[in-house]
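To start, I am sharing the structure in question, which I have written as structure tokens.
Labels A, B, C and D are assigned to the chains in the order they are written; within every chain, residues are numbered from 1.
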Amino acid sequence: MLFASDNWAGAHPAIASSLVEHAAGYASAYGTGALDQAVDRKFSEIFERDVAVFFVATGTAANSLSLASVAKPGGIVFCHRESHVIEDECGAPELLSGGLRLFPVDGPRGKIEPDALKAAIGRFAPEFVHAGRAAALSLTQATEAGTVYTLDEIAGLADMARGAGIPVHMDGARFANALAALDCTPAEMTWKRGVDLLSFGGTKNGCWCAEAVVLFDPGRAKEFSFIRKRSAQLFSKARFISAQFDAYFRDGLWLEIARGSNTMAQRLAATFRASRNARLAWEPQANEVFAILKRTAAERARHQGAVFYDWHPPHNLAADIGPDEQLFRFVTSFATTEADVDRFAAAIG
Amino acid sequence: MLFASDNWAGAHPAIASSLVEHAAGYASAYGTGALDQAVDRKFSEIFERDVAVFFVATGTAANSLSLASVAKPGGIVFCHRESHVIEDECGAPELLSGGLRLFPVDGPRGKIEPDALKAAIGRFAPEFVHAGRAAALSLTQATEAGTVYTLDEIAGLADMARGAGIPVHMDGARFANALAALDCTPAEMTWKRGVDLLSFGGTKNGCWCAEAVVLFDPGRAKEFSFIRKRSAQLFSKARFISAQFDAYFRDGLWLEIARGSNTMAQRLAATFRASRNARLAWEPQANEVFAILKRTAAERARHQGAVFYDWHPPHNLAADIGPDEQLFRFVTSFATTEADVDRFAAAIG
Amino acid sequence: MLFASDNWAGAHPAIASSLVEHAAGYASAYGTGALDQAVDRKFSEIFERDVAVFFVATGTAANSLSLASVAKPGGIVFCHRESHVIEDECGAPELLSGGLRLFPVDGPRGKIEPDALKAAIGRFAPEFVHAGRAAALSLTQATEAGTVYTLDEIAGLADMARGAGIPVHMDGARFANALAALDCTPAEMTWKRGVDLLSFGGTKNGCWCAEAVVLFDPGRAKEFSFIRKRSAQLFSKARFISAQFDAYFRDGLWLEIARGSNTMAQRLAATFRASRNARLAWEPQANEVFAILKRTAAERARHQGAVFYDWHPPHNLAADIGPDEQLFRFVTSFATTEADVDRFAAAIG
Amino acid sequence: MLFASDNWAGAHPAIASSLVEHAAGYASAYGTGALDQAVDRKFSEIFERDVAVFFVATGTAANSLSLASVAKPGGIVFCHRESHVIEDECGAPELLSGGLRLFPVDGPRGKIEPDALKAAIGRFAPEFVHAGRAAALSLTQATEAGTVYTLDEIAGLADMARGAGIPVHMDGARFANALAALDCTPAEMTWKRGVDLLSFGGTKNGCWCAEAVVLFDPGRAKEFSFIRKRSAQLFSKARFISAQFDAYFRDGLWLEIARGSNTMAQRLAATFRASRNARLAWEPQANEVFAILKRTAAERARHQGAVFYDWHPPHNLAADIGPDEQLFRFVTSFATTEADVDRFAAAIG
């Protein structure tokens, strides 16, 4: 009943084992070994085009360096008001990009609303030295609200960015969960819809530590290599990331894990729909479920060992929550079992 | 015969296995789990005092964030001219510290000479707004030249720093090798000799990826936690580092590995001493050996599969190298075998 | 009829003349000359306590370096949503502070609303490494909306900051106008109400270029001197700023100019109140007037040579502006004459 | 007898008067007024091509923003070991460029030696992510040693930079003095010899505060405008700089002042040549004179009111200074008179 976060789980056995399997023997350092190169090729294969891949240590690093690579003096990055990059990264994007400013854009359920983006972009057009200037759009897929942009929505927002002359970054900390939800290809969810660079996260989906920046324009790779190194994000034994991704991609493990987590999230959702002590705040689409519970039910579950976080309600939801109710977040992972969910269902009643 | 670098080796089997062992089950994220806490306590035990420990992704990160934590506007960091922090970190210390300047100090064989440090510090005393001001001393132990500061040398340089009112950082990317060489305790080599904060490296000594900053003043921990996060260096599943350190420290494995690498370095040194085609550039003390080889011998060994790097000779050595000779670096690790060394010995003749 | 900005005026004759008067003869550089020291003392006299004064080049510099001096990793600065620091400084505060984040707080007519500040501070309490942490409150006096915080309002907001353990910065680009409006002493409007450091602006009030940071805790002066120099804001011939401030403070010239500008603003306001083609958006309190004009009237005035800026209406006002109307900003200065205002009144009808 | 620095003088009367002359009347702000545009055109005329001109507050700002405009992650700037940018700017270039590293290059008498530059550039070629990469060459003209690069020397060093694919910056804090010394045109001393961007200083040559960055490629102007603003260096009443440059350039005043200062420096030099208590450290070429004086003579002059700085002898000179001697620096300016020099000559004997 540990629904605190997908980063509370350890590593999928296949991924942990891969680290033993590749432990022996030598490989040239800094990502130039045979396994590293094989994984690089695998990324290009998965994305159906030549991509440049850069491992980094954390999702925050992937986002921050992605944005650093498109930074310019006075630059403004448009992101959702509740996005990880603005809410949970302690100023890393600003520091590592040399001073980009993150501009919060509104929209229900974690998704940027096109009109809101249009207005936000409009504030910085034409370019005006005092106000700063548009530098990038950052989308989160799946969102922090456990929802998923449709392919059309991605294309629509990306078109707006393109019209403003700025690149599109996708924060894919839960990329696999979104992909599983949409049941499309990685290419369709990214560059085919106008995404220029991607934070590709494996950690939340069963890896120990496997995050990468994927550049759909490999021509920018050389510049990025310096950005990464001078941000202290270049692993020497990069093989330990490659070994994880090698197992991750083998036989579609990554999608299998993501589908599993999503299924567990749906099972949780069904629990909330069925409960008289709880209701869904909105429909989950990936592996995060937001629900409004009676405080007494939540306490009961916690006494029985359930772990999940209180959640700050978005603006538009706050009024809808009664005084004896509260909003909570529940996250599933490869480690979540049906038994977990069912025991939790029994606990809340 | 792969002597390119200690980061060409993978992971020691015990360390890789630990990642499998701890893969199952939940743990709270960001370094707050039971194993994380046990490893924290282990560090305090090893250093014989309460220390604050912060895992980071790379040695460059450990150095950069250590220095960032003692930064001040206009700050100058004194380091050896050949130190990793100034030669091999692509400006990460400057970026992550908000603009510290690294000031190279000379000294033979990778070690800062006391007189040179005194002169360097003197340039910035009294404090003068145009020139900047002293901010820290950074020592590398073992040095980039494969030598080791004696305890008295550390104490002497640290006293000088103390006299100038600045803290002492130790870059311990090869900490265990130095410790094994001096056969002293970790406390004796650090805070008992005036070191304030330490980059503690495990990666080069048999881990996959295990680097930490150790603060001997735990009162600075809270501030450091923000420095680390906003530099994108806070691992979510910190357990994967803890699992490595858990095995690393168990039954003295870390020192056993270091002693082994040092022994292999001595075996290599003996080879060079005995060869008519090679000579030691200076006596190795840890796991790096610098030797001057006849070019023909070096080529021969490389043809037989040996890998080792050309090395830029330090100023004072250049004149001593004949036209048919060249300086090379050889690094040993847990993966180096006696057979490797002996085969190499045969190759150079 | 040039109401574009108070920085369209040149310099008050007395201030320009002072630059001639002090041009001859030598003075030690970097603010250590006799005139510099006299001006320093004058600031302490004006503020009724020992203060440390640092000249800088621009209002943006004064704000940015003030905030830089209270920065911390992951730090958040609370400021009004329409404040200069967030709207008009192109990321300078972020760059020069090493990555502070500006957090917009709402409130009508340019003034931070206490409840909104409380909520904003509450988001970052208790300190949480992911979200960042409160670092400072920045108030603008007079505000960008031409209004003025009362002394009680300043004290109330400053108390809230104090309760959160953060210092209070005042952006006083139009400090004199606010002072004239409140008819209080500089001490009453600042440190006696909890302000810790001040951007003191002279440029908009009749100087050529005279901006200073005033620290009410002179113990922080040494640190600030390095912050200023490494931000490239230390004038060599500081005397040219001192010469301006010398004239500015002589016989109360600064307050006389401010009262004059405020009076002209009131005259403009009366014009709008009397016009059938215009109405005040809100009551002006300093030297900026915001008015809603019929577009035809505005065009007529512009054809006759009037210059004033279109203004983006604050959220709460937008609905109140008819389709044939528009919001404009009018700024007065020492150069504004009654004849100017009256001619403009005639033009709009 | 005040030879401390050329920034101890105030302003040339014509320049101070210009500030009175242009004080009245309105002008659009931020450098867009008629006078600003006239001065812009004047710069293009002086340099015989279209240039983009950006006023900034200080010489340190001009250098730092010039370098910021050519910065790249991991970038290295080659400059003379005694240059202002590395010795006297407190880390501003590093901060404002987001982390460039300044790499000191040797050469006698303040001038970079071609072989030393070649070796320095060679250290960073081919590009290597750990070491960083070449980003710019910065030359100081006149140098900090009071010497002047010949046109051929500039061209030679610039060619080397061009070969390495990096732009050439000139720190022209004493540009006019160098120009007067070489008796060539501004174009010949800059872009015709391969200089890409210039810190153009007026302050040391008789202005109150007049520094500009001159870009010989105006295509980079837009980017620079954001760099300047977000570094808090955009003056609102830019007219006060334009008014100074207007007078500065009128009827060749700037060259007249520079020639005068240089002549006074030669008169000082003659004094040292003639004295039995002093000797030139090397031949002065601009308005700074370095001389080795008997300590007793220096003390005597100081007792009679002379002011001049002790100077740290360059490496190669130290051995040449006797125990009863010391190296000093003497700077002349528009305010230096023949009587000053002659009185000083009498004082030292």
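Just so we're on the same page, a residue touches a chain if its C-beta (ideal position, glycine included) is under 8 Å from a C-beta of that chain, and two chains touch if they have at least 3 such contacts.
Since the structure is predicted, the reported quantities are computational estimates derived from the model, not experimental observations.
Note: the chain lying farthest from chain B is C, by mean C-alpha position. Centres computed as Cα averages put chain B at a distance of 41 Å from chain D. If you average the Cα atoms of chain C and of chain D, the two centres end up 34 Å apart. Between chain A and chain D the centroid-to-centroid distance comes to 50 Å (mean Cα coordinates, whole Å).
Residue positions of chain B touching 2 or more other chains: 30, 73-74, 89-91, 95, 98-99, 129-130, 132, 226, 229-230, 234.
If you sketch which chains touch which, every chain touches every other chain without exception. Within the complex, the chain A residues that touch chain C are 73-75, 87-91, 94-95, 98-102, 129-132. Within the complex formed with chain B, the chain A residues making contact are 2, 4-5, 7-13, 15-17, 19-20, 22-30, 56-61, 64-65, 89-92, 95-96, 203-204, 208-209, 226, 229-237, 239-240, 335. Within the complex formed with chain B, the residues of chain C that make contact are 30, 68, 72-74, 98-99, 129-130, 132-133, 222-223, 225-227, 229-230, 234.
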